[in-house]
Each structure stands twice: as structure tokens, then as C-alpha cells.
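Listed after this line are the structures, all set down as C-alpha cells.
Each of the next two complexes has chain A plus one other chain: chain B in the first, chain C in the second.
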Partner chain A sequence: MIPSIIFPLFMLAILACAGAQATKVPGFPTKSYITFVIGSTLIQGAVNGTTVAGQLLAGDLETGFVNRILLTPVRQWVLLFAQLAGVAMVGLIGSIVFIGVGLIFGVHVKAGAGGVLALIGVTLLVVIAFGAIGLLGAALTGSAAQVQALFALFLGLLFMSSMLMPRNLITQDWFKTIATYNPLSYLVEANRSLLISGWDAQALALGCGFAILFFVVAMTGAVFAMRRRMERI
Partner chain B sequence: MSARSLAVTMGVSRRSAVKIIKNPVMALAPLSVPLFMFAAFAGAMTAVGKTPGFNYYNYTAFIFVFVLYQAMVFVAIFTGIEMAGDFGQGFGDRMMLAAPQRLSILGGYLLFTLGRGLLSIAIVWGIALLTGMPVRGDALEIVGLIVLALMLGIATTLWAAGIALRARSITAAALIFMSSFVVLFLTPDFVPRHLLTGWLKTAASINPLTPAVEAGRNFLAHKPAHVALAFGLMAGLVAVFTLWAIRGMKTAEQGPKTPRARGPRARREAKAAAAGGHEAGAGRARGPAARRARARARARG
Partner chain C sequence: MSNSVAIVSGAEVGREFTVGEVLLVGRGPDADVVISESDVSARHAELSPNGDGIAIVDLGSTNGTFVNGERVVKTRQLGVGDRIQIGGTVLEVRSNTPAASDVKLGPPGLEVTRVRQIPTVPTLRFDSGPLAGTTVPVGSQVVVGRDPATADVLLEGDTDVSRRHAVFSPAGEGMTVQDLGSTNGTFVNGRRIPAYAVALANGNQVQIGDSVIEVMISAPLVVAPPAAPAPAQAPPSQAPNSIEVIGLVKQFGTHRAVDGINLHVDPAEIYGFLGPNGAGKSTTVHMLTTLLPPSGGTARIAGFDVAKQGARVRATIGVALQAAALDAQLNSWEHMDLQMSLQGVPKSERSKRKTELIERVGLTYAADRRVGGYSGGMKRRLDLALALVHRPRVLFLDEPTTGLDPQSRTALWEEVARLVKEEGMTVFLTTQYLEEADVLADRVGIIDKGEIVAEDTPARLKAEIGRPTLEVDPAEGEDWSAVGSVLERFGELASAQHQGVAVRLRPGVEGLADVIRALDAAGLRVANVELHTPTLDDVFLIKTGHSLEGGGGGSDANAEA
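And then the complex of A and B:
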């Protein structure tokens, strides 16, 4: 609970109060920094899907439990999707908590009630995508500790995205370049578009597109990695 | 301090140093979060430094002081977690058997924090200067900033050691991390205190680390202010957490506590067990409460 819900909420509380000055930057898209930053809080919670899914599978691999299951007629992809179902549930609860807390503290969703549902949907998609990356990490390494390192990597990448400031207002060119090539920027911006600008098809397509791409690549890799494990049993 | 205690201090410190030399990734781990934060805030939020009322000469320099302190706090957190692991695995007990003065063990961990902290400070300074951060403070002011960071590192290590010695388990890592991390973030970390809003402004005003953060920024800007308050509060924190860590060491010396038996039957069993069960016709008391009481009596004896 601490990394997936409490820690992102703490960061949201800090950034909402400390970042209010950023709204005075000319061209800033909203007067409410909490509305701006909650989109990245949702992604921060979703990144934790890597750890939840990966550590579950890595733990089962370390104890040999998965090896026993793989000897039964259960298919690898069924096993992996079952792990993802639990991660999706944790992600769903987390995103409802974040949005609920945000609405209490003044977050305004420009896309309306449908936008709130879309926000939950996009976040859920991102949770599943990061969960799949965690499963891939676990299937490749079989180590819970190494899956934990993936979380640190993605958290670092999240800070190097447009999480704190819109890309067009970043004045340091080197950071603007990193944020532009960082796919996590587009995940954050998909959520942010629903909060600030309403229904923005391009932002949503880019965010959902990257999430689906991550999911497909990671799940395919994870299934192959599990097959190779089975061949070695 | 006797020669034996000094040897123990140096031994504990050397052991921790060897561990990170053998695993350089572990050495860089405490620096990863502060450096990511430095890059993220100095890169993304520079425009905030030019907004009305910000009143500091450079945003990178502004965020640098927080990152420097954060690097030191993370070094201390990692030392505390290592200590919790050592005492959780029983290595701490073996060290206590070898040390005539148990506080020399604590001294070893502190010495290691200072060494590793100085290395982290050098790396953070190096990166900041390479990225072109302007420094207005003179040499004495820079020394003042570094001394404040080291004092913060010592205070955090003592706080973490107090927790580690009481818990004697790696599970204390979460408490060590969260408590230190949260307090540091409740300072005027990304904007000056007068620009904070809501509850964070109140929290930052009563946070004892706030004067150290502000004094550090004043040193860097060559406008020293709140210096006595910052050093006084840091010295106070070091003194209070020294007592906290010493009490923690005393708790660790006493070993694990056995749970006290409850209920009338348990009391009867415990009484019989405490009496040794040697009175005529008493027999040896049985049951879990009696066993626990015998264990307590043995520990006392």
C-alpha cells in the first residue's frame, strides 16, 4: 500500500502546495497546479504495477511454485494474465482513491463525468502495461530484487518527463529533448488532457497507443521467456 | 576512547566501506534519487525561478541545496538500513560481544556515514558545477553549507540507528526511509517558504530542518542569514538523536523481550516457575507462561 497509494498521495500533497508558483509562468495551462499534477500522480501509482506484478511472479519463480504449475496443462499466457488481473484490481482501487482525493481538494476535470471514467480507463491501461513489463522482468530474471530495480528506473524516467511542467514551457533545451523522447511524457499528457483541455483525441491516442505497445511487447516477451523456462524444467 | 574501542569503530566503518567497494552499484544507490530530482527540477522548473516574488538568483542553485541535503539524508538512511540488517541477522550481537564499549559500534557506522557522505557531496557538487550552476558564496560560506549537510547526515544516522537498534530487523527499513524522507520534503524544497501554500507552509514553518535549508541557500547566494538558528537547531537534533541512539543501544544490549503472560492461570504458572518449582510438592510448572517466565528468570540471572 505504501508505494502504490500512500507515496504518490504524499508527493501529490507536496507538489500541489509547492508547485502553485508554476501556475504564474506565462502560458501555464491552468490556475490549479493540483489539477495539472494529478495526471502524473495517476501514472506514478500505475508505475508501481511493475513491482506488484513482477514481485508476485518472481516470488513464485524463486520458490519453485511456477515450475510446478508449468508442468500442468495450464498455458503460460493464462498464468501471466491471471497475475495481471490482481494488478489491475490494485490499480483500479488506487486510481479511484487518487481521483477521489483530488476531487475533494479541488481538482477539476474539464472533460466532465465521462472524463473521470476515461481517466480511470487510461490509468488502468497504463497499470496493465507496466504490470506486463514487471512480468517480463520477472520471467527474464526470476529475481524479485531485480524487478524492484525496474520500479526505480521507471520512477526516474517519470521525473524526466513532462510531469512537472508542460513541454512547451520547459526552458532548458536538454531537458525538453529528453522529455520529448521519453514515452512516459505521453502517458502523463493523455491523463492531463482530460483534466485540462477536455477531449483531446491526439493526446489520448498517443498515451493509449504507447500503453498498448508496451503491453503487447512486454506480454509477448514474457510468454516467450516463460516457454524457455518450461523447456529447461 | 580506549584503543580497543577505536579499533572497533574503525573495524565497523572499514567493513561497511569494503561492502560498497565490492559492490559499486550499492555505493551509487543513495545518489540516484537526489540526482534524478536535481535533473528533473533544474531541467523542468527553471521558468519558476523567473516568476514574480521568487527572489533567488538562480533556480538550479536554489534546488541544489535541497538536493545536497537529500543526498546526505539518503546516505544516512542507507547506513541505518544496513545497521538494521546487521542486527537483524545477528551480526550486531557478535559485534557487541567483541566491543568493550558498545557505543564504539555506533561510532563506526557514523564514521562510515561521514566518509560516504563526503563522497556524495563531492559528486553532487561536481555535477552541479559541470552543469554551470553559478555560485556566489565565498569559501567560508561553502564550508558552512557542507558542515550543515554533514550535521544533517549525522542527525539522520543517529535517528535511523535508534530505530534499527530497537527493531533489530530489516523490516525497520520502511520506517527509517519514510520518516526521514517525509521530514525532508516538509521543508521549502522547490520554492521559497513565502511562496508555499496551504498546509505545507505551516509544516515548513515548524519543521526544524527549514532553517538549515534556508541558511544553506543564503550561504550559496552570499547573503548569510539564519546561520546561528540553523546551526543551533542542527546541534540540538544531533544531541537529541544521540540520546535516542544510546537508548537504542541499551535496548539492543538487553536482547529480545519475552511477552509477559496474562490471566490468573498464567500468573500462577509464572509464580511457580519464578520460585524455581523446588518447594516441596510444587513440582516443575508447565505451560507456555511458565516457560516464558523461566526464560525471563534465566535472562535476569
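And then the complex of A and C:
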């Protein structure tokens, strides 16, 4: 729970205070920086699904617990999807906590009550996608320590996105280019659109599209990697 | 009359074998046609009559079987004149002519049901040294040494050879060798042999000084009347609790971790699978339990194919792997609940079943505690209970007592024995502990470098390599020759390991009490008595050339080269 919920809340508190002056930049889409940044907080918590799912699976591989499961009627793919179910539950709880804290501290959801549900839905999609990436990492490496390194990687990528500033207001060209090509920017912007713009079909499609793509590729890879890993016992 | 095959190139050119029924060709001791070459697998191929000709089946050999230069994929029909190459040996299929070994004996109506090659006297062939090229039949004891007065085979000029170095003796259908207290030792397959007589197998290499001697032992001609019709019963592969493995192979890249093994485990039998680390034990277990797909061969558990009917196999088996994979945060009850849920045990049975199993493994007192606080022995017991939740018919135990204290080990052995005796379970047990195999297993298969090198009951395996030797130290001032005379009544006198008189006990002589009583009756006093019995490690040493205890290397489970 600490990396999935406490740490993102901690970051939210710091960013909301430190970035408050950013709303004075001409063209900034909202006067409430916490409203602006909470979208990325939700994504930050979701990205941590990588570590949660990956470490759990890697730990089970290391101890041989996976073998115990595979000696029952349970199939490999069911084992993988079951891990995601647990991660999704953590992600759901996290989403509710973040939104609740945000609402308490003045976050306004432009898309209304439906937008709150959509926020949770997009976040869950991202949680599952990054959970699948974590499973892929675990299946490939079989090491909980190596999977944990993925969190640092994705956190770094998140800071190299439009997490702290809209892409059109980023003045450094190199940073803007990275943020533009960084898929995490679109995940953040999907959430942010619900908070600031209302119902933005393009932003939602891009964000959800990337999440679904990550999920499909990672899960397919995880299934094959698990099969190959079990052959190397 | 049947077709035959004759060796036309390689060792023993001219030997001919009638193919009246299935003949196993290979390097192993149970082969009908033994080819002692390193390129030949233990169970390399099978020849069988097929219509008017012969069929050959490659049993998953490493280096392949070739007919007229083409590699045999699985099976091939052979005709007269076809040439089979196995290793460096070439055999030719001959037409229906009565081979010298095709003999009918006994009263009219007696059929020859199994024919092997013509019996010959066990022979030694000197491949190097002063007598290179010489063959010596061993129809009676043959002493090898440097003393012209006592040696039957004189190795003159070789200063590494003692005056009376070793003795070869016929033993049943084969022969034994015993070191006679030589200075530089006698070696079989590269390993120095102990003081007592050691049984030799065809193809063994004995080294005495500079001389390397190859052992040549032929299988006997066996003539038997037609067997009485067996009572109707399911074939072994369909017996409810059996394990049947034919030519099982597992290859990781270029490395063959399991190289064409064959084994059969009867229902309600405990089969011990013995071998050092890296031999292929765990890889074999993983294949039999469907965790690993085989690269070749077949395996059936309770009649179900592990490659094609995995789900049915898993429903039939219980498995306790080398690592007792338990969740440290759960207690025993929670583990049982999880396992029963995964195994699909009906909810109405779960409560009673888990209580019964926890009680049976003696964990009731600790069942409420988290497993993270359990000792190694407790974890193993829980692991065994978890393997039994769904009442399997076949139980696989992969080194179940590794790391356990003697008390826990004994408790586990008792539980396993009870499961077999009372519930008729079949148990496949892998271990590197000789004592465990000796005590628990009905039969033992010894695996080394991916091949089964020996398989039989522990008693027969040990008896095959030698009989126990009793060594008596006469008391000071006692008449040694008198002691020797008494001991001779119980077997053949042998070299003593220490200063004393030794006798290799005849089969059937089991009790020391008889010997002691005889010495006492003769009024002879002894200072010490020692009984040296062959161990499974001695069996392993003879079969593989290295010791099991402290031998082997590498990880058995991580078999990638």
C-alpha cells in the first residue's frame, strides 16, 4: 500500500504546493494546480501496479509456489490474470483514496459525477496495463529485485511527460519532444481532460488506446515468457 | 526360424544374434546385445521380428541409429543385407538361417522362448601393457601379478604391479576381481576398488599397473518352456497406479539432461531414483509431473500420457518438490484451504480432510501458526499433507528429506511407508541419500549423466557387485591358520583390509552368530570382528566410475548448458 497510495499522496502534496505558481503562466488551463496534477497522481499510483504484480509473481517463481499452482487444474494464463485481479483491487482502492483526498482539497471534476467514474475506469485500465508489464518483467527475469527496478524506470518516464506542465506550455524543445513521444503523457492527459476540459473524446481515446495496447502486448508476452520459463526449470 | 543380425565391424566381429523376439541393443547391463562404446546409449535401439523381416526402433539414442547410412527416425523395417550402424559397430541382417545360437533343447514340444548369444567363458582382453593383445579366459581363479611362482598371468617388468596383485574369479555367469593388498591398487573404470571382491560387467576396464584389461562377459543361453498363460490383467501402462517411461529425453540446447531413460514402477511400489546433483533426477520428475515437456520418448502415469493428457495426470498425482513452496504469511489451515480449493475438493469434504491430514503429519499443535515460523521438518510435513489433499494415486517426492534432522527424516519415511502399505499409493522418490533409498525403496534406479545405469532392488544391486566380507582379528598368540580353517567353512578366504583373516561369505550366510559360534566351538579367541558389506555407493562406483556420496556436481534443476 505504501508505494501504491502513500507515496503518490506524498508526491501530490509536494507538487501541489511547489507547483502552485505554475497556474500564473499564460495559457495554463486551470487556476487550481492540484486539479491539474492529480491526474498524474492517479497515473503514478497506477504505474506502481508494475511493481506490485511483478514482484508477487517473481516471488512466487523464486519460491516455487508457481509450480504448486501449476500442479493443480489451474492453468498458466489463469494464474497471470488472477495476479492482475489483485493489482486492480489495489488500484481501485488507490483511485478512490486519491480522488477523495483531491475533492477534500478542492479538486473540481469538470466532467461531473460521470467523470469521477471515468477517472476511476481509466486509472484501472492503466493499472491493469502496467500490471501486465510487471508480469512480463517477472516472467522474463524471475527476479523480484529486477522487477522492482521497473518502477524507477517508469517513474522517471512519468517525470519526462506532461505530468507537471501542459505540453503546449513546455518551453524547452527537447523536453517537449520527449513529452510528445512519451506514451505516459497521453495516459496523464486522458485523466486530466476529465478534470479540466470535461469529455474530450480524443484525449480519452489516446489514453485508453495506449493503455489497451500496453496491456495486450505485455500480457501476450507474459504468457509466452511464462511458458518458456517453465520449460527451463 | 527367425532372421538374425551379425556383427560385421567393430568389437566381436562374427558374433551373430537371432532375432526371435525383441532384442535390446545398448551399452547398459540389461541389454541383450551389449556394445560397450561411448557413442552407444545405455538403451540404444530394439530389434524385433516383424513379418518376414526385422524392425528396428531407435529408443531416443544420443548419437542415433543408422541403416545403410541413413539415420533411423523412429522405426524402420529391415531386409536381408541391410546394414545397421550403432556407434562404431556395424551389424548386417542375415537371411533365415539357423544361427548357432538358435537351438532347440529339451523334449519335443519345448520351445525356445528367449535366445541370446552362445555362452562363452568370461574372458579378459589385455588392451595395453606387457600382454597387449592377449586374451585370458577366466574359467577358474586367475591371479595377476609379478611373481612367477604364484601368478597365473605374469606382468613382468611392470614395477607398479605387486607380486600378487589381484585375482579374477568366475562368479556365476560373470566374474569378480579382488585386489590382493597391492601397493598401487587395482582400478575398475578409473576408480580404485576396495578390499573385497567386486563384480564385473561386460565392457568394464580394469587397470593393473600399465595394463588396461577389458572384461568380456557373454550373456547366457536361456531356454525355457512356454510360459503358463498369465492371469488377465491390465497392461502395465494402464494399471491404475503405475508409471511407465520409454526413451524419455530432455534436451536443453545441446545439453541432454535426460538421455533416453526407461523405467517402470508397479502399483503400490516405492521406486527410489538415486543419483548425484546434476544427474537428471529433478528434470525427470518435472517431466513426469507435467511441469516440463519432454523432448522425446513417452511417459505414462496411471495410464495417462504426460505430454497429451496433462490435466488427467495432474489430477492423479501428488507432488512434493525439492523446495517446499509455502507462503510464509499463511498458516497450515489456510494452506490446506487454498490447496483444496485449487484442487477442486468438494466443500463438504474439506473440513474433515484437512483435519485428518494435519493430524496425520503431526502438525495440529502448530497449525494455527504462520508457516514462516516453521522448522524445515514442519514445512516438509505440511508439504506432504498438501500433496495428499486430493487423494492422489501416485506420489512424487523430490528429495523430501534433504536438510532434515534424523528424527524428522525417520518420521517422513514412516509416513511414506504407511501410505504405500495402507492406501496402495505408488511412490516415486528421488534422493541422493543412500540410506533413504536402501531403507525405503522397493526398487532403486541409479541415474548418472542422464542415463539409468542400474535398476533393481537394493539387495540385488549390492549382491551383484559382491558378497559381504567378514574380517576377524585373532587374539594375540592365537593360531591364525586355525582361524582361517574355521572361516573357510563359511566362504572363500580373502585379503584382509587390516591385519587379520578375512572370508568372503557364501550366499545364504547371513548371521555373524554362526561364525562366532564356530570360532568359539574351536576354542579360538578373537580380538575384533568386522563385517564389510557392499553399499549402494559401491554399486554406484562400479556402475559409473565415481562415488555418489560427495560426487556429482552442478545443479540438477538448472540444466541449461
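Note that in this section the second predicted complex is superposed on the first by the 229 of 233 C-alpha atoms of A that agree within 3 Å, B and C clash if a C-alpha of one lies under 4 Å from a C-alpha of the other, contacts with A are read in each partner's own complex, and residues count from 1 in each chain.
FYI, a contact is a pair of C-beta atoms (placed from the backbone, for glycine too) under 8 Å apart; a residue touches a chain by one contact, two chains touch by 3 or more.
Every value quoted in this text rests on a predicted model; they were computed, and no experiment measured them.
Enquirer: When the two structures are overlaid on chain A, which partner does A:168 contact: first (chain B), second (chain C), both, or neither?
Expert: Neither partner.
Enquirer: Output check: A:64 vs chain B and chain C. Expected answer is one of first, second, both, neither. What do you get?
Expert: second
Enquirer: Kindly classify A:73 by the partners it touches after superposition: chain B alone (first), chain C alone (second), both, or neither?
Expert: second
Enquirer: Now for A:25: first (chain B), second (chain C), both, or neither, which partner does it touch?
Expert: First partner only.
Enquirer: Using the touch criterion from the header, give the chain among chain B and chain C with more contacted residues in chain A.
Expert: Of the two chains, more chain A residues are contacted by B.
Enquirer: Using the touch rule from the top, collect the residues of chain A that touch chain B in their complex.
Expert: 2, 10, 13-22, 24-25, 152, 155-156, 159-160, 162-165, 169-172, 174-175, 178-179
Enquirer: How about chain A: which of its residues touch chain C in the complex?
Expert: 60, 63-74, 230-233
Enquirer: Quick one: in the complex, what on chain C touches chain A?
Expert: The contact residues of chain C facing chain A are 252, 286, 289-293, 311, 314-315, 317, 319, 321-323, 325-327, 339, 342-344, 386, 557-558, 560.
Enquirer: In the complex of these two chains, what residues of chain B are touching chain A?
Expert: Counting only chain B, the residues touching chain A are 32-33, 36-37, 39-48, 50-54, 174, 178, 182, 185-186, 188-191, 195-201.
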